[in-house]
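Have a look at these structures, which come just after this line.
Consider the two complexes below, in which chain A is the common component and chain B and chain C are the respective partners.
Now for the complex of A and B:
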């Protein structure tokens, strides 16, 4: 990105160079991970992306894992020995939590993009809280987190309960 | 040339629709693991029996396509949020579409081969 220059216009109309900074505002992944500006909505934005990438990784691994079926019962058994372990079950629990949060929060986002739950636009008064970041949005995020926790508990009962 | 491009708003609609549809098919897929004890449902004979069940094989194929489209488009969106330039956008789009096709191809091969396998 080209450097930006900030000028001060003097009373005589003369421009004085004050500062020369390379204003590269593209923070990239650091911008995502910077927790200093986090509100509930930003946490949900970050979690939606993080869970999405995690689920895509699991999906690719799962497609590869199931392909061992085509090599016969022994290859399938060897793959199960690798994945059906306490560590494998912990990863599966994480996947259950991620997929539940991603789905519930994704449904909230679909409604939000359709204009539902955003509230009516109002006059901007001090302290200038955005009307769109209201209790409906916040409760949607909490519901997604609670559903994810409940799904993980149910998953743990199935995976570790010996059913 | 620009007129031939799919608008981002259309792509977002596809993203949402594939997400909702994937949610439904994944729910059925998980239920298939829970209609019998979990460990038993993973036995070779039972898994192959799932693939021999044609409606379920179609469900697996649709799940593969829906999740691949939704997942790789999601990855494309994340990568485009991180950086913008014409070359980056074209490169990311081409790579994600190629990865999507590759995973659909690989998964479809498993479904077809497993569908023709003998049990036990």
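Now for the complex of A and C:
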């Protein structure tokens, strides 16, 4: 973004350039690249976003996959074969992990964003640990991660276990 | 009472022990300072300056030493040097902090990187423009509004009674020093210029929760916007960087709880009780 210029009108009527401000100092998407700077809640925010985008991608792919039914049973079978490869199984595993984390963490966020499980405001004392970033939130994030890992392990045992 | 004092003393000792264990003592550090004059359209670059330090040296002390003895042209904003004014907010090793409140011994590595706060328009070196930030704050109408108080007629003025419990509901949020650290850490502010940011929304809750204020509906209307309260996704970064323990994330979520009807609105309940009495 181009810098914006601030002028001041002097008593004589002439305009004097006071300062040029570069308005483009926002972190933007770059701010997402290092989520570990701000603790577990920021990592969970980052994962929630990432899994959300991933699931949206899967949803679009899934609609495309099932739409092949309209082209007859052969087209559907050919499409299904694509998912029966190791790469197809890996993608499905990722989807299982993403959907489990997104749902479990989402349930935590429904309560949190309504002001539940955050603690009460009080008089802050040094070293000013935030009440809202409490053990309940951290436990919720860990539970979501563990559930996602367990679901992925179960999925792997089914997909790669074989009969 | 004695038990509480003993408990607090024990906690203090534990914290001081933990703090000492984390301390890194060195005789000097290298300051890596972002330099740029936006008015002159200068490209940004980093200057490195070796600074002698002691155990108690803060980043602001180190910067002022560099400014005093090595390079007078370093642009830096500061005032009280005791975390009261909120002027010296900057990114220190990538995290928004107050330079006067961050001791060099708390930071790992021999190089300390100082950069201007993100999400604020950059003016020069470590100085940023706070006008947009203050504009968001003003939009929240950060003052008590009470239609029952006629300030023009001194005869009608009366004292507003508040219990200590009522004060505790908002006191924490009134400790905000407007340093901008939360605004710089917020991932939503980083993407949306119209989002008021954690500071402004926490101030909104501060007045919302104040029993002396009666403009509840008006306040709700201000934040119930496409770029308002619902743009917060609870990343918690604002609360983790706040140097005064204001915990803006808590205020924002509580405000949203009231708006969604999750939390009981005590003011509304009191108002209904009054109506029933009449």
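Operating definition for what follows: the second predicted complex is superposed on the first by the 135 of 163 C-alpha atoms of A that agree within 3 Å, B and C clash if a C-alpha of one lies under 4 Å from a C-alpha of the other, contacts with A are read in each partner's own complex, and residues count from 1 in each chain.
Throughout what follows, contacts are C-beta pairs under 8 Å (C-beta built on N, C-alpha and C of every residue); 3 or more make two chains touch, one makes a residue touch a chain.
Predicted model, so just to flag it, every value in this text is computed and none were measured.
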item	value
Partner chain(s) touched by A:80 [first = chain B, second = chain C, both, neither]	first
Touching partner for A:132 - first (chain B), second (chain C), both, neither	second
Of chain C and chain B, partner touching more chain A residues	C
First (chain B), second (chain C), both or neither touched by A:122	second
First, second, both or neither for A:28, with chain B first and chain C second	both
First, second, both or neither for A:113, with chain B first and chain C second	both
First, second, both or neither for A:159, with chain B first and chain C second	first
Contacts of A:61 with chain B and chain C, given as first, second, both or neither	neither
Which superposed partner A:45 touches (first chain B, second chain C, both, neither)	second
Common ground on chain A, meaning residues reached by chain C in one complex and by chain B in the other	26, 28-29, 32, 113
Complex contact set, residues of chain C against chain A	15, 38-41, 94-95, 116, 118-123, 128-129, 168-173, 175, 185, 187, 189-191, 193, 209, 232-237, 239-247, 249-251, 253-258, 260, 262-263
Complex contact set, residues of chain A against chain B	26, 28-29, 32, 49, 52-53, 55-56, 59-60, 63-64, 66-67, 69-70, 73, 76-77, 80, 84, 99, 103, 106-107, 110, 113, 158-159, 163
Interfacial residue positions of chain A with respect to chain C in the complex	3, 17, 19-23, 25-29, 31-32, 34, 37-39, 41-42, 45-46, 48, 109, 112-116, 118-133, 137
Contact footprint of chain A on chain B as seen in their complex	12, 16, 19-20, 23, 26, 34, 37-39, 42, 44, 47-48, 51, 64, 67-68, 71-72, 74-75, 78, 82-84, 103, 106-107, 109-110, 113-114, 117, 120
